[in-house]
């Protein structure tokens, strides 16, 4: 693995972690969506670079899916949805930005420690891709946990999926089945989400999940 | 690369997979709920027949995608059987939902199609030999159930479905990460490409994999699939999803979907135990199992909703099963397998009964359901028999499997037997306390006679009773063989 | 001869920074004005302002202590020393052994300390508010700065600026994500330290939003001139610092002759112009944040610096 090849892969994968941290910092829906689009864009570049250096043309498909669906279609659709619902106000984070980011740093440290320790013999690029992927995954989880708004939970989930794609492409020669299925599942997930938001809108005129919690415990007739 | 050609090679396996797919397509197109409900039953019956024919036909060689061995046949047949009986129950249940206007014909078309897609997903998860494909199948089954849990579109149903979706996707993510790690562990030994994801090849070479990587992978897989099994720290979706979805779906969730995830955990446990230097999977599974058991046992006391009550009972029993498989050894594995089969049959029977009760009374509140044996004898006694079975009283089959689990725990880890027995007793007390009123109390609420057929419920209970009294030797021999396979 | 030429280069650098600083401020104001479609003051307006201030009488409050009178000179002196030792166009200056990042942070810290004291000295409420806000910003900015230095030191193996610059221009450094993050964090710290938008607005006189301006409100005449010049110097210093660490191209090595020095100087001026223009562009495209959000902004810088330190362990040397 010579210098620049490794460096670019390293920058892109690390950039994904950085953008994940940026998502933790965002507290407005539009900004969050824009950062998510950036996240997917970085992922696209990273996957495309992997396709180039691994000489694995099928990864370009994954990159294209990431670009078209996750960097363009989904953010645009969610943008429109937010505008229609009129919920472009601040996200209500459960805990403040500071503690959240501190927790995020802790998770990054944890994943680096865990993944580097268990993969001493693997290819350095795969090792660090795994460490970064686990960080992105855990940060996505953190976004889902700290946000109460349904749209931002969805965004958190999709960023988590981006981490998985990073891990799958970092694992050299992983069969195509998985990549397509990952993309496919995201698509399904999106349909599910779309249906959900539509229905929630139908019922409550809000997508704040906390509004749903108020009904907990009261049984239907 | 061609998925279809290996599929067509095995006729029975192909039937198990293709019947639900074709049926789902048809059900999505056909109008009229009477036809579709019958078609749903028919498709499930065909799937069951195909599954049964797996016993007699010659087993194909394990391929790149598909595998049939002793272990998964149990799961497939159980799956097809409960799927079939549930479809019968569902036909009568859904007719009532349509009358009361809780569901529309358009909902129903969707419901039936999704039912078959879910059956396809579960069957695919069982027969897949590729760990990536298995993950896809489990995810497919999960997503369809998410959609079905939310089908009533009430506040609670949506909240339940959302919670299920969020927790389920976290589980999915962890499981995929674990799968990728397994691939990475296999890649240096087996080489790049498809072979490093084929389960049979993985098991063969597992001894030479990097043990540290395998350990981490297993932790992720256990967390990921364990979420779907409903193990304690990650169980929060389960009671809501059971309580708010249509009752046939609750029956399928408890009886089948939990088994799918369990099956995945078992496959990876075998993989891990094939590597001598990796950590033992047993203690991890035993800890999670015991935690779930004791936690769920205490939660049983505070339930006010009858479906939630039995959902927690499912967590409890999955805890017992995971504990048994974690304990390992021929006897405990045998007992775990038996317990899983018995639990699936009993729990779905109970949900059938609960579904009818809830429709007659128009509520799921425990306090509003009283004195069933008086007003609806056949239903009330059926429910009581189910509760006796699930609480682990003789002569039902669950008594036998629980007895085997407890005795083998005493033999191997006497100290662990104490919390195990404690948990079982607590759960036992809770169930009886909650259900005596339901069965024998002062009748309350509507006393309209139920119109539905109770055949599926009684069929399940008869099987459970039969297993408790007499297990046919071929079945015992077969289960023992699998138990040895599981190590 | 060597000593004389080194001394000469050092003296040139000292003169250069103090002469360029107002020009940089003027440039940024000009670019900002043009971006807003205004004509804007001329480039040399800051020099005129300084000269006018120097000529004017310094009005000092009755209850001001000696500290109030001494502080501006001390602030200017410490900032000047810090700015003079940074390798701007050449490495290996005669004082470069003092150009240690930690020493620079300490110098700037003492300047800030003096300014905060002076702000409180007269006892007006504005000065007090400004000082307390400044202290709040400092408590977050300095740890971030130290963490960034820590990362750089881990990567380059030294806190000596010329060594770091040398390492950074060598091919072995490569692209590192931890360095990229450190750059982002450093830019955020620089924005906060220099009281730029979005943390503070250098052009405001609105009491709710002032930080830096509130502290110097009581100053006038030559005292104010010193403080203004120190502020310009600090801005120059930060831009030079970022440029020197992250784009150390064409820095003249010691004793390489006048051509190299000249090339270094031209490139340095270009870098300054680009840096100033970028700052102006950034400032016009963003709104000032509320004072209570500043800890969040700086907290993010701190987190980024921490992240940079962490990610340093995942790199080519794996």
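All chains are identified by letter, namely A, B and C, in their written order; residue positions are counted from 1 within each chain.
Keep this in mind: contacts are C-beta pairs under 8 Å (C-beta built on N, C-alpha and C of every residue); 3 or more make two chains touch, one makes a residue touch a chain.
Note that the coordinates shown come from a computational prediction; the quantities given were computed from them, not determined experimentally.
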Which of A-C and A-B has more C-beta pairs touching across its chains
A-B
Quick check for you: compute each chain's CA centroid and the global CA centroid, then name the chain with the smallest gap between them.
A
In whole angstrom, how far does the Cα centroid of subunit B sit from the Cα centroid of subunit C?
65
Can you give the whole-Å distance between the Cα centres of subunit A and subunit C?
37
Using the average of all C-alpha atoms in each chain as its centre, how far is it in Å between subunit A and subunit B?
30
Under the touch definition given earlier, write down the residues of subunit C that touch subunit A in their complex.
171, 174-178, 180-181, 184, 295-296, 299-300, 303-304, 306-307, 310-311, 313-316, 318
Parts of subunit A lying in touch with subunit C, wherever the complex brings them together
3-4, 6-8, 10-11, 13-15, 17-18, 21, 25, 97-98, 101-102, 104-105, 108-109, 112, 116, 124, 127-128, 131-132
Within their complex, state which residues of subunit B touch subunit A.
1, 130, 132-133, 135-136, 139-140, 143, 146-147, 150, 153-156, 158-159, 161-162, 165-166, 169-170, 172-173, 176-177, 179-181, 183-184, 187-188, 192-194, 196-197, 210, 212-213, 215-216, 305, 362-365
Show me the residue ranges of subunit A that touch subunit B in the complex, using the header's touch definition.
114-115, 117-122, 126, 130, 133-134, 137, 140-141, 144, 150, 153, 157, 160-161, 163-164, 167-168, 171-178, 181-182, 184-185, 188-189, 192, 195-196, 199-200, 202-204, 209, 212-213, 215-216, 219-221
